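Chain nomenclature is as follows: A, B, C and D, assigned in order of appearance, with residue numbering initiated at 1 for each chain independently.
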């Protein structure tokens, strides 16, 4: 292969720029050209291309977001649109494609591969919910953002003896809630993977109050329930005034953490290697500290499992 | 005076601990003892006192919140409660009181002074809305927290070409919205002090889109309107998808900024000097870079004025 | 005026990009074109120009450093070089120039003005040492960086009961040392403006040890003495093991603080107004919270005065 | 077991407080008492003990340093000192001990275990150099501190087209240099584990200059060479002006990252379990994402291996 392309798709995540940089630099190391595709699959269809040389990825390793922009493009599931995208790439001499995103992004990549155009997927999403890899790019950064925010809220919670419900991202995956709750010393953590027990939450709250605890923090993943709703439920049950904070979009931004940047470098380099070895239809991942690759289908045909041993641990440590 | 007391009241603000430290150290420099009162005026009434030596304020200069805790205590407006509080202090040999908080806090201090117990007020609130001083303790820190949060949101706004409404604190005062909006390069800023013009906001939004701007950020102080409501209004008018982020309680926490800590030192020292000079009923403030003092009444009988030249400037810079 | 230019010169400072943005946007608000000059005065001489439209200053308000780069160019003091630079600008239709930097930068601007080409200066340096203004762009950010670094060092100092000498920037001006020392609760602060008293430092150190203080932090501005040298002097005198940290170049970088960005907006806008009013040879500054302008000569013919009341205060609070 | 003790020893690391908290809470979950030992092994010898209840570890999860303090105590290698320490613990009814630190700390724990007093080790050091575990507590935080510092230096390096040598911690282990260099996009990385090739560093530097690269950053672990010395060597060879920054003690401090806090919780809980199962002489670690335990001797009898695949990767990505 002499020329490959790279795009970002789906929700943006800190570290995507570091992946783009790694793809370009690893490819250039092997004298392969890299074309950046703007606006995800929509840009692929429209031929929104730009050649990325070494200089073009200078000074982006530390930047949040994605310099290639991201967009939703549901039309990409249509076969004709996909064929047109492949045509576009072939016209430019592009022979392989790296996609960075979540499982939705991978589906398109698999379909292109099935149509004869080799694609490789790199997991980039703050939710950490891509099956087959222990971590996704952006998760570590989002986690630190959440934990720093909870630390700030704890200052005020402590000063006023308040109880807070904090809603964090995670529609189907509780990873952010679970890790952040453990890291921030939350009283209770509600995740989509486990049925919550309102009685237990109430008991913990009241036990904390009885012990003279100065504040309580309850973390809820957005997929379980709206934070305000949970606060209302708890107020009704306990008579304790509960405040709510919905962390929202700050969780997607920020300069990537060291871990996310290192992982970005490793993922980007492996993805290029896979294409150069003509191994399309693969996703890269990290397992047991090693970089692995596996069938793209696994990522969207199986379901991500959060590490529920952390859930048990959080219950023991928040006595 | 051989012994004074210090308390924090109202909403907590980063830098309150640095003020407490300065009060204790400045008093000890003059061989005056300092008693910390826990839980604000309620603790004053209940005699919730502790002698604070130099060591007890070690390692707190950098901490958010207030080690003396804060609480609401509406009963303190009753005369008998105030007389009881004065009695409590006299029993302990306390001869003067430093209160740290907003204008509500100052009212109680003035009433104690009127009853013969000299009190001095130090402005501590993130809202920057205490009349008579250019800055209050906590404002600078909150401002930086807000600006860093908007920076994070901008990452994702840029990647997805989104428009965001960001709701910040400020029920009656637009200082946070105004300064943060200017510092973050917001398109439009809505503050309680100025009637907003929906047409102008819409025009700016559409002009930005036409110019190919990748994102727009609109800041609204909570006192003007709920962020979600504003987003809905704008969506109806423009047809553009608008996202909302309510920054909430993270704005009250965090380690105080350098400015807030320096101001805390200057305020705390001056407050002690005023008591030692037997000047009760005074508030300390900063004006023209100098530390000043003025009648406590001014703080709750006049109204804080935001610097509206910043509002004009923001309009010119966000073309 | 229909076209002006802007350059950055001397040591870079966080917030320079925010000034550039403000200059461009304020000028565009008045339908004036702005040319960016790369590499400071050297670029002026070489005609290293680029037209800056609104889009070109998008997404830079939060960036450290300067997108126009900075450089030393001692040759610029020669008259013929200056005449050539003016010629270059006239060829491009440029009628006025905004320079951002310290007093060295201002000197060149004054000389161009004296040769008939109107220039306005904006103070941009972390050292806060430009006479005539209370603050310079970058000082607040550098201060926060220093204070956060000292906070980190205090963690380890406390854990090990260590004493630290921390060397900060400031060749001739003690502002960073003074403000940071006060904000970080330093035991002793050494600044170029005041003769230090080794006996006093030793006394404070030994008094802290006697009192059971867990750590001591001594701040020294680089202009007073090398940090390692001071540590050696103190070790010899006290027998206490002293560690040293030289903060170095991290003090120049980072995303500008909210304050620096707001000041950048105000300075940039006023500088453009001055040029449009044909008032060359002026520097902008902030005094008593208001934006002022004054003769550029004042900035390099007088000497900056640090606020020495802070020095006295630091001595009282670090008992 | 009804009562155990915990101490921190050696260089402090962010996250040690989170480990202490986890040990106390996990033990209390099993109704086991925990005694905190102040000042490491010296405190063990002196009986510097305090019972730690749930409340005593409140609000410390986010704090850098160690609330139990740390100290060097070389005398602890003497048998009689060790027997006295065991006696002290037995007098207090303590039946097991958790030590948090590096391999030096583990040696003492093994010797106590050999003398019949069961000890368990938890790896706490920023250097990541404890054999048998992939990560140590503090490494992730230190890494982020280093990377954020390099990001700041890059701002100024880019503005001035400078080359920087940055010296980071790591006497025998290159982990911080390697990970940080990769995460920060360094040109060259020098680690103790690999012989450096000055010609290669020079070539990379000159290639970057030739390509018009605006800055170069070279990371050197302190164990390889002093940063200033390396800068001198490179200046002599290239004639390029090289600046140096020695990051120093800021690398040990700061609030622990989310990862370090989660790992702290997992390590602390497992250590308590091991003691309750009467398994002394074990170290806890993380391997393949799972918490493991292994013979304490392995930690000081074998040598830590940095992941050298990162070294190769960094060479490919820094073309």
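Going forward, a contact is a pair of C-beta atoms (placed from the backbone, for glycine too) under 8 Å apart; a residue touches a chain by one contact, two chains touch by 3 or more.
Keep in mind that what you see is a predicted model, and the values were worked out from it rather than measured.
Asks: Farthest chain from subunit C, going by mean C-alpha coordinates, please.
Replies: A
Asks: Nearest whole angstrom, what separates the Cα centre of subunit A from the Cα centre of subunit D?
Replies: Here the centre of subunit D sits 28 Å away from the centre of subunit A.
Asks: Where the CA atoms of subunit C average out and where those of subunit D average out, how many Å apart are those spots?
Replies: So the centroids are 35 Å from each other.
Asks: From the C-alpha centre of subunit B to that of subunit D, how far is it in Å?
Replies: 39
Asks: Which subunit B residues reach two or more other chains?
Replies: Where subunit B meets two or more other chains at a single residue, that happens at 151, 154, 158, 214.
Asks: Sort out which chains touch which and give me every pair.
Replies: Chains touch in the following pairs: A-B, A-D, B-C, C-D.
Asks: What residues of subunit C sit close enough to touch subunit D in their complex?
Replies: Touching subunit D: residues 8, 12, 14, 16, 63-66, 69-71, 145, 149, 151-156, 158-161, 164, 214, 243-250, 252-254 of subunit C.
Asks: Enumerate the contact residues on subunit C facing subunit B in the complex.
Replies: Per the touch definition, subunit C meets subunit B at residues 21-22, 25-26, 28-29, 54-55, 58-59, 61-62, 134, 140, 143-144, 146-148, 151, 154, 158, 179-180, 182-185, 211-214, 255, 257-259, 261-262, 265-266, 269, 287-289, 307, 310, 313-314, 316-319.
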